[in-house]
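Next up: some structures, all given as structure tokens.
Both complexes shown next keep subunit A, but they swap its partner, so subunit B is in the first and subunit C is in the second.
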Partner chain A sequence: MSVSPRPPPPRSPGFLPRPGSRIPYGFAPCPSQIFEYNGSAVVAMVGKNCFAIASDRRLGVQLQTIATDFQRVFKIHDKLYIGLSGLATDAQTLYQRLVFRHKLYQLREERDMKPETFASLVSALLYEKRFGPYFCQPVIAGLGDDDVPFICTMDFIGAKELAKDFVVSGTASESLYGACESMYKPNMEPDELFETISQALSSSVDRDCLSGWGGYVLIVTPTEVREHVIKTRMD
Partner chain B sequence: MGDSQYSFSLTTFSPSGKLVQIEHALTAVGSGQTSLGIKAANGVVIATEKKLPSILVDETSVQKIQALTPNIGVVYSGMGPDFRVLVRKSRKQAQQYYRLYKEHIPVTQLVRETAAVMQEFTQSGGVRPFGVSLLIAGYDDNGPQLYQVDPSGSYFSWKASAMGKNVSNAKTFLEKRYTEDMELDDAIHTAILTLKEGYEGQISSNNIEIGILRADREFKVLSPAEIKDFLEEVE
Partner chain C sequence: MTGSMDLPAKGGFDFDLCRRNNMLEKNGLKLPGFLKTGTTIVGLVFQDGVVLGADTRATEGPIVADKNCEKIHFMAPNIYCCGAGTAADTEAVTDMVSSQLQLHRYATGRESRVITALTLLKSHLFRYQGHVSAALVLGGVDCTGPHLHTVYPHGSTDTLPFATMGSGSLAAMSVFESRFKEGLTREEGIELVSDAIRAGIFNDLGSGSNVDVCVITKGKTEYLRNHQLPNPRTYASSKGFSFTKGQTEVLSTKIIPLKQKVEVAEGGDAMEE
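Entry: the complex of A and B
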């Protein structure tokens, strides 16, 4: 996925924008642009007995910004969070479906889902829709047995990628990879982890025109959860 | 299911509020060969008589105790063919759970799903209830467990239980002999003694079957040689 928008492709004869219409390219999103339709950036990092998960707050329709307080990181239970980048409508629907499955699991098994189990569930759910997928890339972060931090990401059809340090997704993913790789250190305490992930997120989204307008950072330790809203370039 | 003329349920209420088909199914169970199970502090044992109709039957081909998953085993009293159908369905459910969550199914969940299958057959068109009661033994994160599932679909957790022809004598014997902190080897001896109590004829390593679960959580059906060793310890 490219970070900067491509130049407008040649117009097809079937759709011409009416004068004064607000669609810059004059087209519905085609498959290769679907992940860039709303713009998003999500990142998760592992620290010492804690993890951090962060996202940008912009919701756009191609070049137009619609909202600057859009939620992309959702809670599944006290020690498990999922961030969903990609198409916003799919992110919301997928989140609702996952909460539904988790609530039933909680009622049946009388316990919370472990992060690894949840990741397998998300992967299975995404692959079920292999030929008509949800256009989302999830980032899953949680504290497992004995409060060991767990993070993973997967592509939109459920190919899991586990990592020990950090995972990224969204339109700003390439910048995020670079920023995280250079700023990350293992075994950071929660405060240092917060600084690192905030810096990584804001420097990456500042280079991506489709994500930004502030950041939302969550630091989760075995005893508490801290939410922060950070300021980035508001454009 | 079946002919449209038999698309109603054959299991219907009697005026006294009983489901007579289930009562008859329980009678079928009650005339089956005795089986029993004991939950010890560090494992579970299940055992059954294996009386064959003739000495010409190859006893190694008859397997009354089966594994449902590597850490869950089951024994029955009643109709063998009905048992095979339930084993097949339960194994499939256990594998579906694993495919979804990449986690082995907890014993309670498998028991619940098996019981749900048995209940379905008391409320569907054109089918009859299963003529078996099952004793499901498992060892998972909640420790050793023993469950009995009846043809009606009701299930109970037991510390020790028996089913089949000799059920009342066996249960009385177990009530006297059972202690909370029994070790698995004591439980195996008790199981053998209980079977011996009601056995018509001479008990030997070829005409009983024993399945055990130790703390290593691997379900194992004992070989005739191993049963012989336990028998000798008991004598």
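Entry: the complex of A and C
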């Protein structure tokens, strides 16, 4: 008597394969890892009186790519940016809430929020949802007083991690840690910083199936902001 | 549907997303790992006060997320607290109790007592029945003398002459049990705490990097951040990577000059009525 096959994993509601579509063999249709549902890679690095923040551009639903121009790095004000990795819907919701809070702050205080203050705000918003969290890991990068660069990241319940060199988050974070650890040098000028962060991002997303499909790099100095779209492997 | 306006929070936890997350869990979601401080934290009482010590590694599963994080948190000028467990929980709970102590100092006009911090911490942690996963070593010197306590995630506390917590606690406790005695001097206390933390750093995989020490005596607190650095980064070559300009393939560039915000100076002639 043959051994009966394992029953198929339960299907999540709303996932109905269209006739003729091919589902990868053995891949459960329900999200087993919520952070790997959309795929993402975000990295920020500190340079000399400047900072760089970069992300990949893929939006996927597990193994299927939906978009190759998805925005993960958002502007809060001229000198403060936040990159949100993890579940894309939570990233967008969290961004909208943060922009709302920052606009209120601007109306009340008549000035922009400092990066350290903003990091505390994000941490508080995430910790408030400690037992029913947003599934995003933010990367915050900004120029503070006297244009001193500030970067920090948090886990999805708001544990702040300040760093003086680089911070990473997303599905490609393990590769990013390795790439940044070896490629980073302190006090880089904006041009060199751009090359370094782009190379670190491209090499890391090359080793991650769920992120990639182009890169978006932002270099912010006290006088200008440079946005670049870089080419990576499109697979 | 509840009002869509984002009212300022009344404080405490917000359980809005719990229903959605429970639905995801029923569909097979495994909740991801938090940033933990798989840690070695220690404290001991010496003749003039209390010495606290901690390592500086923060882990996210098997990966080191932060090589030099701060685990000795400020509670009051005369009270410090080391935290192990979920990093967000230790930071949030120590910040919250620190604010409460400050308000209490304003209300009473007196220096905070260690037992006050202890009661605030244990009652908060007990209320959440261990779900706020913070294991703390609380130490300080107040008008009644030096005190050292440990607080467990479910809210139980111990009052001890020497204490260790975290994943490296056994390694550190072995050092304490063999060499601790009453009435240590300041130098002996710092030496013993550093040795205990180093035992945790080298023998426990969840602890690593550097040794932070905090010495609290009557009227004076010294926070020796990175007191010892037994794991320097010696392998990196001084040349490093050097990428030539133009090595990365760029598809499009946009340069936005930032407007300098103009400050309007007050003053000048007063207007004629």
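Here is the rule we go by: the second predicted complex is superposed on the first by the 203 of 235 C-alpha atoms of A that agree within 3 Å, B and C clash if a C-alpha of one lies under 4 Å from a C-alpha of the other, contacts with A are read in each partner's own complex, and residues count from 1 in each chain.
Note that in this section a contact is a pair of C-beta atoms (placed from the backbone, for glycine too) under 8 Å apart; a residue touches a chain by one contact, two chains touch by 3 or more.
Nothing here was measured: the structure is a model prediction, and the numbers come from that model.
Q: Have a look at subunit B and subunit C on subunit A after the superposition and call it: clash or fit.
A: Aligned on subunit A, subunit B and subunit C fit with no clash.
Q: Which touches a greater number of subunit A residues, subunit B or subunit C?
A: Between subunit B and subunit C, the winner on subunit A residue contacts is C.
Q: May I ask you to decide whether A:R108 touches subunit B, subunit C, both, or neither, giving the answer as first, second, both or neither?
A: After superposing on A, A:R108 lies in contact with subunit B but is clear of subunit C.
Q: By the touch definition at the top of the document, which applies to A:F131: first (subunit B), second (subunit C), both, or neither?
A: The second partner, subunit C, only.
Q: Based on the superposed arrangement, let me know which partner A:H228 touches: subunit B (first), subunit C (second), both, or neither?
A: In the superposition, A:H228 contacts subunit C only.
Q: I'd like to know which partner A:E116 touches here: subunit B for first, subunit C for second, both or neither.
A: A:E116: touches subunit B, not subunit C.
Q: Taking the superposition on A as described, I'd like to know which of subunit B and subunit C A:T196 touches: first, second, both or neither.
A: second
Q: One more residue to check, A:W213. First (subunit B), second (subunit C), both or neither?
A: After superposition on chain A, A:W213 lies in contact with neither partner.
Q: Measure off the angle at the C-alpha centre of subunit A toward the C-alpha centres of subunit B and subunit C in the combined model, and quote it in steps of 10°.
A: Roughly 50 degrees separate the directions to subunit B and subunit C.
Q: Superposed on chain A, how close does subunit B come to subunit C by Cα atoms? Whole Å, please.
A: Subunit B and subunit C, overlaid via chain A, are at closest 7 Å apart by C-alpha.
Q: Within the complex, which stretch of subunit C touches subunit A?
A: Against subunit A, subunit C makes touches at 6, 9, 13-21, 24, 27-32, 34-35, 58, 60, 63-66, 69, 86-89, 91-92, 131-132, 236, 240-245, 247-259.
Q: Quick one: which bits of subunit B touch subunit A in the complex? Just the residue numbers, please.
A: Touch residues, subunit B against subunit A: 99-103, 106, 108-109, 112.
Q: Quick one: in the complex, what on subunit A touches subunit C?
A: 9-10, 12-13, 28, 30-35, 78-79, 97, 100-101, 123, 126-135, 154-161, 163, 173-174, 177, 182-183, 185, 191-192, 194-196, 198-199, 202, 214, 222-231
Q: Spell out the residues on subunit A that touch subunit B in their complex, using ranges where they run on.
A: Checking each residue of subunit A against subunit B gives 108-109, 114, 116-117, 120-121, 124.
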